[in-house]
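Here chain A shows up in two complexes: once beside chain B, once beside chain C.
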Partner chain A sequence: MHIVDGALANPVVLGGAALAAGGIALGLRYLPLERIPAAGVLSAAFFVASLIHVPIGPSSVHLILNGLAGLVLGWAAFPALFVGLLLQAVFFGFGGLTVLGVNTLAIALPAVIVHYLCRSGMRAGNPVIAALWGGIGGALAIALTTALVGLALTLSGGAFFLAARLVFFAHIPVMVVEALLSAAAVYLAARVKPDLFFTLKGAS
Partner chain B sequence: MGHILTAGQKTPDATGKTATGAPLSRLDPRTRILAAVTFAIVTVGCSWIPVLLAALAVAAGLAVLSGLPVGPTLRRMAAMDGFIVFLIALLPFTTPGDPLVTIWGVTASRQGLMLAIDILLTANAVVLALLALVGSMEPVTLGHALHRLRMPEALVHLMMFTIRYVEVLHAEYLRLRQAMKARGFRPSTDWHSLRSLGYLVGMVLVRAVDRSERVLGAMKCRGFSGRLPLLHAYAYGPRDAAFAAVLGAALLALCLAEVSHGAA
Partner chain C sequence: MMRAALLILLFVAHPLPALAHKVVFSVYPAGDAIEGELGFSNGDMAAHQVIELFDTAGNRLGETTTDADGFFTYAPTRPVAHVLRADLGAGHVAQAELSAEEVAAILGQGEAVPDPAAARTAPAGLSEADKAAIAAMMRDEMRPLRREIAALREHHQLQSILGGIGYIAGLFGLGFYLAARRRLAG
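The block that comes next holds the complex of A and B.
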């Protein structure tokens, strides 16, 4: 899902970087110093969760969980996921440097959208309802991410359109996996520690 | 990405950055970050294949100077290539241009092939240079250097916390995973596996938040005032100037070659 350097047109790279910078700046406004430890440790938790591989038939996929990140972090998902992507690019060679903005936008914007769409479900106080919305958020975030990746590629040249569509359809199993897994994670967290979904939100 | 992490290299804290004594490690960290960014921008801006090959050679030279372990670095690059091969393999068939070959009635164009090679070389050159220049430094040093380069303080702190706790939470994740294994859990494609892994993720998140509350309490207890002092004072030296001059000359040569090819 990471886009690499050299694949995108310059206006797309610059536009993505500008929008990502705006999102990160907005996200940091929701992070007074009291909340930075929580955001940092959760950012590390999502980094670790992305190492989990889920078998799909003979193959396996690694988790992205940006929907879950949105439910937990809200706007803070922008800086938190940016940090994760930066560390992945620098130390693991995943993704690239000039496309960091586009990649951040493709992962974090869906997280924020899911936060707004599903937050009422989290407030309901019922683990089953919360899990239902968690599942919807998990699937939606992956769908939006693949759509944004496809959009970035298509804007850079019509030749990518076929690849973009194939990427979208190839990710349908991933959407199902992320939806079910996010639902289970939300169900457990809502029963054990409902605060998880509110610690990092609210007026700063 | 678990498949490219070996037992000793699970997190950014242990990704083979014990490269002390390597020529690049004596440079100011800020020089290395700025060099990586400049290299990336120049390489992405170029599209003539010989220029990109030269850029890849420069990146390989940097990798040698950085003292990165060869095997793991190549494995990381191969993992990234495996990631994009699907994307660029389609390019020759979807780019209009001079026909090259026809497979199953679909024509591959020469322009499309060139574009695919362009992307492959650019991506590899940038990633190799990035791993060599920045990936070979201590993650904490990266945080300090980015702070000195005027990255917002809150973002630096967030990054430092992430770097610190990736290691801790990974150990916690492995403990939970081992507990599951001890109870006979084997992941497969079924509802039970997904639910169990989902609970695992949920538990890691719950423990992360619990831990962060204890961390914040401990920080307040020690008089945390909202600022973490970043102690390192960096100074550019003659080594940095020499490195900047050599790399700058190489990049300028790449730019000139690209421009002259474009003009011809």
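The block that comes next holds the complex of A and C.
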């Protein structure tokens, strides 16, 4: 899922960095005092999730968890996921520092989109319905991420187009796993601590 | 519908190298050829992958293909710097470079100045064929070692995981502190 250094054209890298910087700035405004610990926990979860490989068939995929981060954090997912990506690049060499902007955009923008799409469903008050929307959000975030990665690759050269489509199909198992995981997490949160999804409202 | 389902099944069941993380691409001179290996940081090797060779100006010099173990060889023809590039799809592009001096040494030009002292002390009776055989043996012996070192370098240490989590805790703690201070002041 992480695009590596040197795979993208310079305009795409610069454009991605600019947009990601804007998203982070906006996200920081949506990060009031009360949300900082939640953002930190989800950032750490995202950081570690990529090391958990799920064996599927002869191959294995890793979790991303951007859908869950988006459902809880909204725009604040931008700074949280950026920190996770930065540390993954530094510690594990996933992706690279020059493409950090594009990677942040590809992973955090779907999180924000999912947040707004699933927001009303999450607030229904019924844990089962909330879990259902959480599952949809988890899967949708991965699908959108693969679409953005594909777009970034396509903008850098038409030769990548086939590969970009392959990324989508390769991540269908991840979507299933993330949907189940997000649904379980949302169900638990809706039962135990329902205010987790509400406190962002009205924050400045 | 059936075709689409089969297509999806094919993609899901197929081991896609694009899912792995970091591309490990090492290149070294080996006898009279450029030898190298291509794989992923989790130990999977990239089999039957086309590797293209360019000079530093971007002119294409040729291409080669990895075998089932991710190994490849290429016999250079010109003593210029060789840039090797492999596109494994999904944004995984690996690049490695072999300098002009190293390529020249492979071709037996330039660097290969015979050392008279070495020639004197070298045991007699070693024919060119023997030397080639010893060199080949050495390369075979070194290969697993090289691979292990490459794998070790990519190994995710528990310390770095804990370190990363520590950084996150510290960063968000700092943000928390600053936000709290601003609130107390305001």
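Methods note: the second predicted complex is superposed on the first by the 179 of 204 C-alpha atoms of A that agree within 3 Å, B and C clash if a C-alpha of one lies under 4 Å from a C-alpha of the other, contacts with A are read in each partner's own complex, and residues count from 1 in each chain.
As a working rule, a residue touches a chain if its C-beta (ideal position, glycine included) is under 8 Å from a C-beta of that chain, and two chains touch if they have at least 3 such contacts.
Keep in mind it's a predicted model, so treat the numbers as computed, not measured.
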**Prompt:** Between chain B (first) and chain C (second), which does A:Ile113 come into contact with in this model arrangement: first, second, both, or neither?
**Reply:** neither
**Asked** Which partner does A:Leu87 reach: the first (chain B), the second (chain C), both, or neither?
**Response** both
**Prompt:** What's your read, chain B or chain C touching more residues of chain A?
**Reply:** B
**Message:** Output check: A:Leu33 vs chain B and chain C. Expected answer is one of first, second, both, neither. What do you get?
**Reply:** both
**Contacts of A:Phe169 with chain B and chain C, given as first, second, both or neither** = second
**Prompt:** Now for A:Leu19: first (chain B), second (chain C), both, or neither, which partner does it touch?
**Reply:** neither
**Request:** Return first, second, both or neither, reflecting whether A:Leu155 touches chain B, chain C, both chains, or no partner chain.
**Result:** neither
**Prompt:** Which residues form the common part of the chain A surface touched by chain B and by chain C?
**Reply:** 2, 4, 6-7, 31, 33, 36-37, 39-40, 43-44, 47-48, 51, 53, 56-57, 62, 83-84, 87-88, 91-94, 153, 159-160, 162-163, 166-167
**Request:** Spell out the part of chain A that touches chain B in their complex, as residue ranges.
**Result:** 2, 4-7, 10, 13, 24-25, 28, 31, 33-34, 36-45, 47-57, 62-63, 65, 68, 72, 79-80, 82-84, 86-94, 96-98, 153, 157-163, 166-167, 177, 180-189, 192-193, 195-196, 199
**Fill in**
Per the touch rule, the chain B residues reaching chain A in their complex are 1-5, 10, 12, 15, 36-37, 40-41, 43-45, 73, 76-77, 79-80, 83-84, 86-88, 90-91, 93-96, 112, 115, 118-119, 121-123, 126-128, 130-131, 134-135, 139, 142, 152, 154-155, 157-166, 168-170, 173, 187-189, 191, 193-206, 208-213, 215-216, 219, 224, 226
**Request:** Quick one: which bits of chain C touch chain A in the complex? Just the residue numbers, please.
**Result:** 7-8, 11-16, 18-19, 21-23, 41-42, 87, 89-93, 95, 154, 156, 160-161, 163-165, 167-169, 171-173, 175-176, 179-180, 183
**Item:** Touch list for chain A against partner chain C, complex
**Value:** 2-4, 6-8, 31-33, 36-37, 39-40, 43-44, 47-48, 51, 53, 56-62, 83-84, 87-88, 91-94, 149, 152-153, 159-160, 162-164, 166-167, 169-170, 172-173
